[in-house]
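The two complexes that follow have chain A in common; it is paired with chain B in the first and with chain C in the second.
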Partner chain A sequence: MSTIAPKFRLGYFIKSLLDNIFWIIILLTLIGIPAIQVALFFIDLPVIDGELLTPFLALTWLADPSRTLPIVKTLMQTDFFKIAVFPGFGFAALLAAGTIFIERKLLAKLQLRVGPFYCGKIEGILQLMGDGLKLISKEIIIPAKADKPIFWVAPLLFVGTAAAFIALIPVSPGWVIADLDVGLLAFFAIIGFFPIITVLSSWSANSKFPFIGGIRALHQMVSFEIPLILSLLGIVILTGSLNLSEIVESQYNFPWIIFMPIGAIVFFIAMLAELERIPFDLPEAESEIVAGWLTEFSGMMYGLVQLGSYLKLYAFAALFVVLFLGGWNGPMIIPQFPQEIITDGIELGPISVTIPGLPLFTPEMLNGTFWFTIKTVSVIFFILIPRGVFPRIRIDLLLHIGWYKLIGLAFVNIFISLSLLYAGVLGPGGMML
Partner chain B sequence: MISKLPPGIKVEQKGDNDKIMTLNVGPQHPGSGHMRIIVKIDGDYIVSCDPDPGYVHRGEEKMAEYRNYITNIPHLERPVIHDSCNILYPYCLGVEEILGIEVPERAKYVRVIASELNRCVYTLYWLAIYGIFLGHSTMFMWPAGDRELLIDLLEKLSGARVTHAYFVPGGVRNDMPSNFEDVCLRQINYFEKRIKQYDSIFYSNPILKSRTINTGVLRQNDAIRLGSTGSVLRASGIDFDLRKKEPYDVYDNLDFQTNVLKSGDSYARSKIPWLDMLESCKIIRNALEKIPKSGSVRVKLKPNPKAGNVETYKRVESGRGSLGMYIISNGKPEPYRVKISVGSFRNLICLPYLLKGEKLGNMPAVYWSLNYWPVEADR
Partner chain C sequence: MLAALVGEIVNDYSNILMMFGFAIIATAPALLLSKMISPKRRNNPVKFLPMECGQVPKGEGRTHFMMQYYAYVLMFVVFDVMAIFLYSWGSTILNLERTATLPIIIFLGIMFAAMAFALYQSKRRNIW
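== the complex of A and B ==
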């Protein structure tokens, strides 16, 4: 009989948690606390404001929100936080990791199997960490005749370009790393880098299969960039702006997908091709050319390329949301922060504590992030679905779709938006009524 | 073969040409199996293609000369462990003829049921790999999962999941379990419902049609000239099925029809085995109705049976086409020679003709549609 995965039992899960807590307490009390005491015996404690800074005092400082919250709030206003945590790399990497997990489970459900199950207690949720550890611990093998500097730098460039892409995405009002006036042009510039990196890496590997894969990727990306760009011209005509934040604000009443469904479809198909997703995963067609331009990558170099491609997937989905689905706009569902907490402080039994620095996030920002995330995840869902349904397309049919059909549809979309503009229905800034 | 090539592309280019790139597809390649295809490409067009089998040669024919007629059974099924009943079928028929054994009626029906189940198991495995060749991962998982149903049936019948060693000269090794008929009928009904769904996910898929229709077209006279058999021949419009043309055991009592498609392209070649599976379900149901309810299933042989100076050739319709065995006896307990003639190798011969002038992207679609099993071709 076939192996059937055991069912998840809450009792086992709670038991394993209790086991872990038990061992942590035992190890801390037996080893950790004596070790700290021995260390403290030899350390001269500093004196601040005439007070000896004992570990106990340091702990009270750390736990005092009136001291820590302002520091956290200042940190959150810095560019470093925006780039590294939110809305930059950390947020994107979290969504990308979630995407990988959802993709594997979703595909497994489509194909009547279980998917990742054993790693982590709940439905294999730690599988990604396991895979990452495996990739890090693997040896990196480079072909003997490869052009080593370029070969080494290609995965890093790929991740870097994908991360630069993320910098353009406005997540919620004011929360964008680079709020450029030419945001859409910058996006076109960044997606122009991906074919170059692909060709560089495949050429420098000095191997046949990566070379064919790289050339295929070049053809595919170049021929689909044109409909991709043309499909967005309608939005630029109607909004009169290239700034992504302004494009989002112009969709306050209605998203652009209502008026430009053809443009949205063209953008979505071209996006699938740019992302090398099935049915357009020709550069990685394993039955023809092994793994395409990824053939010679090993260990964490492969991991970096995968990370980059999932970051790219998140960024394209986010761009679709920003351009066609109204970005952060949505009904207000987060309640307003109570003003008394700022003015009067919090009543904690007999004492009242005033905490400066609250609230950390405005409700508008939380609401915007919520709607943005919901929309992005649903777009990612639609990007993942074709993988379970379609086989791979052939390169000549792919180019035929790109050059003959999508470009024509993109022009139809431009004419629709132009006629809307000249009929006086819509115009720069939204509905002209 | 493609009749009209784009300008500037010539097949059969001689000499050292910088434009031509040689690709070794296999033997360590996700898309080749245990064999190698040496493909020469000019841009995206294949100018020549040289299939290079032989990586899983095991010398089955020579091994058969050192074992007696009974101990030959387990190793002769090794070339196609997924289709082990069908590869033992001609051997058992041949040995029965040269030893002069009459097989009981019930054993004949059990053999037909087992061989049709095994044909479905093989075809599902083949179809799963065809799915992964075309990048359709769902089509890889579904047949691989549905195969378990039939494997469970065969396990009930013979005790083993894949290498059954179920057919013996003189009948089958053991009788069916008591509840087998009910279980088999239930599983087969469900299985038929399942494989009908493949039509919507695979055979009606527009991308699949665009990739396989009119690629690797094997014309009717070419199919005869190159000696192809089985599903490849029937996809080219020639109604040739050994179960109908040379009925063995009880196939002439059963009610079924052969599937023939006219177009001869990869799509037709990939669809014929699927239609055959639906037909197999009918055959199994029919055989379960007509099977004698009781009786012996095996004629006991002497410990070391000997035949005279006789020779025989028997062939059956396996999952990959006609599968024949030529057995020569010289009066000793061991056969003097066992020559296995398989459909896989005959179909592989078509590959260089079909791929010439095709695009590289068509290579997997054409290659695996030939219903070729590398291990069987090497023996």
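== the complex of A and C ==
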């Protein structure tokens, strides 16, 4: 309430709004439009469908869909669209937001509560938006002795690293942001950054609880990084490739979880530990060390860390799908579009507008995305369930599980895949090409 | 030729960096907006103390404490590198001769024995 003027009058408010609109119009016409027109001389505009893309025709695009569609299609092939919208940030943030809501409702049902209920008419569906508004309007309090620059940057780095992880995930044939030859190694490289960010933020907070949480995150990484890496070696042996798209294509007939269930279980447990989810949520154990490494984060900084951790959850679930559950492969359920829609277009409305070239996506892409999303959501469900079921693990047991049991199981998995390869069941000459 | 090849490779990796940068550019305004609209009043030194559940904090925030993890950290440095070495073997195994697997199995045996010994040593708390 502090920033809203104490002597609030609706008339003044409307006057200030009108003032702002007036000045925006004046500045836009006097400076903005000439500046854009001058800048356009120096920009090479692309040629789309034999026509130069001229921003001066923007109103024509609005009126005529048949001129807009080629532009939209070209836009969808650019890197920016991939990064910002579909396989990238927008898609992941949408799934992450859904995950947060589903998690709260699911936990509430498991614990015989109601969960979010009042925000929005239906079952508290606007709760997330309300929480976001609440977090953004809260004051950010930083401890006086903290290293301020690092402390401010840490949540942003966390979100950025989680997003960089998402860049590796192939969602549908050809729909991947960074199709690296060494995608799996890039994945190991990126997850190595998370404990560093945790330790940086907890060290810079200069407070005891965050520091304990950060050290715990680091030691959890020490316990679970090696099983995580070794559990995926079996797939690489049988596929002969580190490229994630090729790994998905190799699972055309059967997912790898059929032949390597042990590897899948080891990867799943190590994944829970890397995500700091409940059996392994020692770094933010809220009943022992207030909120662990998140203790000193307040307001929107906490919100950003939460966004980052749910993006990371989506990315890990998607990686599990890509590696073990066959990624985008699945039975074709989207029918082929009739040929006359693509050439002649759909007739719309009472005045029968015909719009040719309408299906913006191929059926293969839609089908792949459908199966990928279904599988990812079910893996996310299995990641969420332990939070309502299991207690927190003790720190020496965590070490014991990581070093004694999971590494042994990961080696068993490697030998299973080697024997499958040399027995001729899989690999060249076997069931797989 | 080489420059074009390097450019192609860099292009793939630059997408990861662009994604990193996009996420930061897309979420940093939330912090700025929060800074602009959030209330700031009643500043007192107690408000900016580190959180210690209502107690007045004593001593340094960055303390030393023993986690009994030192042996495992040493092992981690060795076995992490070993795991990545195994990847360079695993990704080319379809092109290698079958006899090439035996040395790797021996390597794995040596590493496994070393790890068992290290784990046995790490239990002896009195030497750390």
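As a working rule, the second predicted complex is superposed on the first by the 353 of 433 C-alpha atoms of A that agree within 3 Å, B and C clash if a C-alpha of one lies under 4 Å from a C-alpha of the other, contacts with A are read in each partner's own complex, and residues count from 1 in each chain.
Note that in this section a residue touches a chain if its C-beta (ideal position, glycine included) is under 8 Å from a C-beta of that chain, and two chains touch if they have at least 3 such contacts.
All figures in this text were calculated on a predicted structure; none of them were measured in a lab.
Participant: Is A:Ile150 touching anything from chain B or chain C once the two structures are fitted on A? First, second, both or neither.
Facilitator: Touch status of A:Ile150: no partner.
Participant: Kindly classify A:Arg392 by the partners it touches after superposition: chain B alone (first), chain C alone (second), both, or neither?
Facilitator: first
Participant: Should A:Ile142 be classified as contacting the first partner (chain B), the second (chain C), both, or neither?
Facilitator: In the superposition, A:Ile142 touches chain C alone.
Participant: Can A:Pro279 be said to touch chain B (first), chain C (second), both, or neither?
Facilitator: In the superposition, A:Pro279 contacts chain B only.
Participant: When the two structures are overlaid on chain A, which partner does A:Val290 contact: first (chain B), second (chain C), both, or neither?
Facilitator: Touch partners of A:Val290: chain B and chain C.
Participant: Please work out whether A:Gly88 is in contact with chain B alone, chain C alone, both, or neither, and reply first, second, both or neither.
Facilitator: In the superposition, A:Gly88 touches chain C alone.
Participant: For A:Ile125 in the superposed arrangement: first (chain B), second (chain C), both or neither?
Facilitator: Neither partner.
Participant: When the two structures are overlaid on chain A, which partner does A:Lys208 contact: first (chain B), second (chain C), both, or neither?
Facilitator: In the superposition, A:Lys208 contacts both chain B and chain C.
Participant: Between chain B and chain C, which makes contact with more of the residues in chain A?
Facilitator: Touching more of chain A: C.
Participant: For A:Leu168, using the defined touch cut-off, is the partner it touches chain B, chain C, both, or neither? Pick first, second, both or neither.
Facilitator: second
Participant: Which residues would you name on chain A as touching chain B in one complex and chain C in the other?
Facilitator: Looking at chain A, the two contact sets intersect at 1-2, 208-209, 212, 290, 395-396.
Participant: Using the touch definition up top, name the residues of chain A that touch chain C in the complex.
Facilitator: Where chain A meets chain C, its residues are 1-3, 79, 83-84, 88-89, 135-145, 152, 155-157, 159-164, 166-168, 177-181, 184-186, 188, 190, 203, 205-209, 211-212, 215, 219, 222-223, 225-226, 229-230, 233, 236-237, 240-242, 290, 295-296, 299-301, 303-304, 307, 395-396, 399, 403-404, 407, 411, 414, 418, 421-422, 427-428.
Participant: Please output the residues of chain B touching chain A within their complex, sorted ascending.
Facilitator: Listed in rising order, the residues are 21, 23, 29-31, 44, 131-142, 145, 148, 152, 201, 205, 207-208, 210-211, 359-364.
Participant: Can you list the chain A residues touching chain B in their complex?
Facilitator: Going through chain A, the ones touching chain B are 1-2, 107, 110-113, 208-209, 212, 278-279, 281-282, 285-290, 387-397.
Participant: Can you tell me which positions in chain C touch chain A when the two form their complex?
Facilitator: For this pair, the touching residues of chain C are 12-13, 15-24, 26-28, 30-31, 33-35, 37-41, 45, 47-53, 57, 61-63, 65, 67-69, 72-73, 75-76, 79-80, 83-84, 86-87, 90-95, 98, 101, 108, 112, 115, 119.
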